[in-house]
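Take a look at the structure below.
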């Protein structure tokens, strides 16, 4: 991008909001489509926005694939289709921090221009590595882009990558871990089965929440996340107090409500190195925590999850 | 002991049976009191046996504190009292392999002469260290004992121990681990709380089993183990097939039925480094496994455990 | 800084050159004082440059404390003194990547405005953490600085630091390592002794090189590095071929000549977790490598180092 | 063996002496051939002893392959040849604790009946695993042997080994380590190269000792050990004081003189995971220690080792 370039971003949650903030700091002209944090990006809205931009002032559409703060995904192929339909040349940029290697995602097949990922979620590593997948079109755009940058510039990394070297001191220990993680994901379990495992855990979690009589934050069944589930705490109850009771009582740390959702939700992560019984223990901790905290709920959440998971 | 010495042992389970086998191999004259693997050692029977031994031919009473194969404990203080009442000089020897640091046990206070323990259970270490606590009376007996022995002789170890050295190459790595384990048990959590934690997990497990409508192997409520619970599978069902289904389906390995109990029971371990949610995950795995294996049961086991564990 | 701001940088070696490149990419107006890679920054030259800048267009003086590519240090207190004498308000910025925790360095006492460090050298950790120490004056300058930035902005980090949190996902595993490293450096050995240890190893290495009849790259005895020593290979010999012979024959990887020094020098690191006998083994590997590679040298280098290190 | 069985043992050093002590404790009738701790077992003496035993009362010849206390090996093939020549049916038992996987040894090819090894030396593991290789003849003898034993009995282990199980709780963690160690020794480096590496390090060490003008304990060049080298300290000097000075000054712990050799020798280990530069560092530490301790020596030991090791 160059200073003043227009980008379209969507308020799907906290991380989309932080991304917008970052874009603003870098001097981009952000059109930030407001949202209720319960829906992913609306492909129709993407299409309309681009169609209205006759002069092609919009240079990029930026979407968070899986909003870690809400447990809501955006339907990237539909968004791409809407962009194509509008015949608009904007780049499609996607944040896959909390979906990469947990939820099906296809950079090339889906026609994404820039994909951003990290080591600390589905790749099961400590934080410290960032990944970019970049289309030829995006690489080309980068050549004439005028935002000042040094470390973040792709050129140096691209040149070094040809020889297997790095332009800066690389996080070598994490690279050894990455090799092992990729072996686990690609060779030992297989990506398809990894995605099915997370889909299964997402579904079991949602069934537990429904059985408790509680709502998940995600309002559209097509957009539920298989990485994590955000659960809405009934009005008058503090989600963070519940989290504290669960941490103190059962040594389990649930995700807090971020930004606008502070105190209103808690988040159950079920991504990465995770199996059925780890999920069961997690849901048991939540169910007992709801009880201890006096949050109104029906008790059968764990039973509902077991009923689903017990099927071979 | 000396060759031909008489010792009394009790068939409380597989490990008591193996201990008897060892004694036999070493040339001792074992009086092996038969048992049904569902009870601990009967203190009254100890008293009668010793009272009948007017000539004091019996040199030792050997008891497994916690039978790992059955989940049944023996009441050591009551056995000691029976021995005292009989006024018999036999030594009291106790195997605490699977109770040490998980279930309350008091070598000195309870008047035990020889206590045998290991590193691989409640001490949370790999196998490789064995421990003996020895009374002055037992040390004295060892001096005149004629069973040939070298490595197992206490004398060399006792001498070295004074200086902090070892008569043979020690398992140094395990000793570093032991230092850490003791810090965790004694300083960080405190033994009293460790014992209460295991008691709580034992009780929750037993409630789950009862709610499933199944029996635990232990027949006497005074003798239930807080280290592990053995669950009886209904006639006509193979406990090992159930275990296989649970291992394949949920990556959880339960204990097999040993010796006489092969195929009839499975064992749920809840000792060592273990917390509420690990237990919950374990019980969920069992409940789903019972379902998958078609073992007749009522589904509310996990719910019963949660009901108990949820109380603050 | 703001776009177009003038900074003075000094060609002390490869990393100073890379720093200049970075500044150029960020749109600063760099006055790059050429150097021969054998000397540190000349304080007199700093003074003259600033004195000549009557309009105070220069906003910062940037110095690499210890040039990892050359084994030459710059004398920061003298540079500070020259700046003070010139009465010039430029900020003093110092790169301590390869000196931090190995060579004495005092951010506050020496009047440095911005210090840059990393986890992967003297702190004995994997790469992944970067550190900034920032003076009040620099913090103030940052407030009005107009270079676009987001991740690199101090403001977000400064705010979070008050509560012990981080504005972005922190490298938690490295932070645990940092706690241990600081304990080793500050509590167990003590920084003074750490610095003396490295000084001793630097001196022993230089004596070995001298005894081999070879030159170190550093031309000024006041500027020798205690983190590493760069050794000049005689004309007609390829330092990288020597390094390869040593790696193949003795499984020891020496530093390569970077940039202008490619093939002309090899670098012996002696920083971080390092002791006398590790240095001895290192020097033995070099001496045997010189022999195998047919590089003309006298054989007594190790002997000279031993002679020095043997003194109590 | 059975109680009262006669075995021939040889005083080659401390561990042979301890083995004899063990045999005595177990009630065997030990003929202990005295030795000066500077020679291995004399094959001629073995032959004579067996030839004189017309009634074949001797049941076993016990030899320590590599005496860890002296750095002297015994020539097993020559001993076997002497036994064969005498036509005597005694079993040949060999302790390979400190030679296994460091010095060439062939249980089957050399006609050994019982080989004893451990995990903590050439196998590069923590202490905790013991190994026996047993000939058909020895297995047969074990069946009728009357020494009381339980844990040490081969029968239970042999039966379990068929299925890959263990009759007692095995040191699982060490078995994982063993798998890796064997991969390193057999697949990655290759046993032949492992042995050559140790031979090279033994020779370099001996050259260093000779250059210092000191003696190694081993008196016969055919019997030098490639696992370790014992160095004799001149009369009037305390080897343990020297060891202390080296430990304090250079953080290197050398082996102490055991038993009869206390204070008279120190031992340099060069077995297991060890390479040229680790040996160089070791020898540098010894050379500097000799200097600091004021032990009379010539300084060129390290130089002599380098001269040898530098040859490709």
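The letters A, B, C and D name the chains in turn, as written, and every chain counts its residues from 1.
Everything below uses one rule, namely that contacts are C-beta pairs under 8 Å (C-beta built on N, C-alpha and C of every residue); 3 or more make two chains touch, one makes a residue touch a chain.
Because the structure is predicted, anything quoted here is derived from the model rather than measured.
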| item | value |
| --- | --- |
| If a chain touches chain A and chain B alike, it appears here | none |
| Approximate Å spacing (C-alpha centroids) for the pair chain A, chain D | 60 |
| Geometric centre distance via CA averages, chain D-chain B, whole Å | 39 |
| Multi-partner residues of chain A (each touching 2 or more other chains) | none |
| Set of all touching chain pairs, with the criterion as stated earlier | A-B, A-C, B-D, C-D |
| Residues of chain A that touch chain B when the two form their complex | 249-252, 275-278, 280-282, 284-285, 287-288, 291-292, 299-300, 302-303, 306, 309-310, 312 |
| Residues of chain B defined as touching chain D within the complex | 3, 21-22, 25-27, 118, 120, 126-128, 147-151, 153, 169-174 |
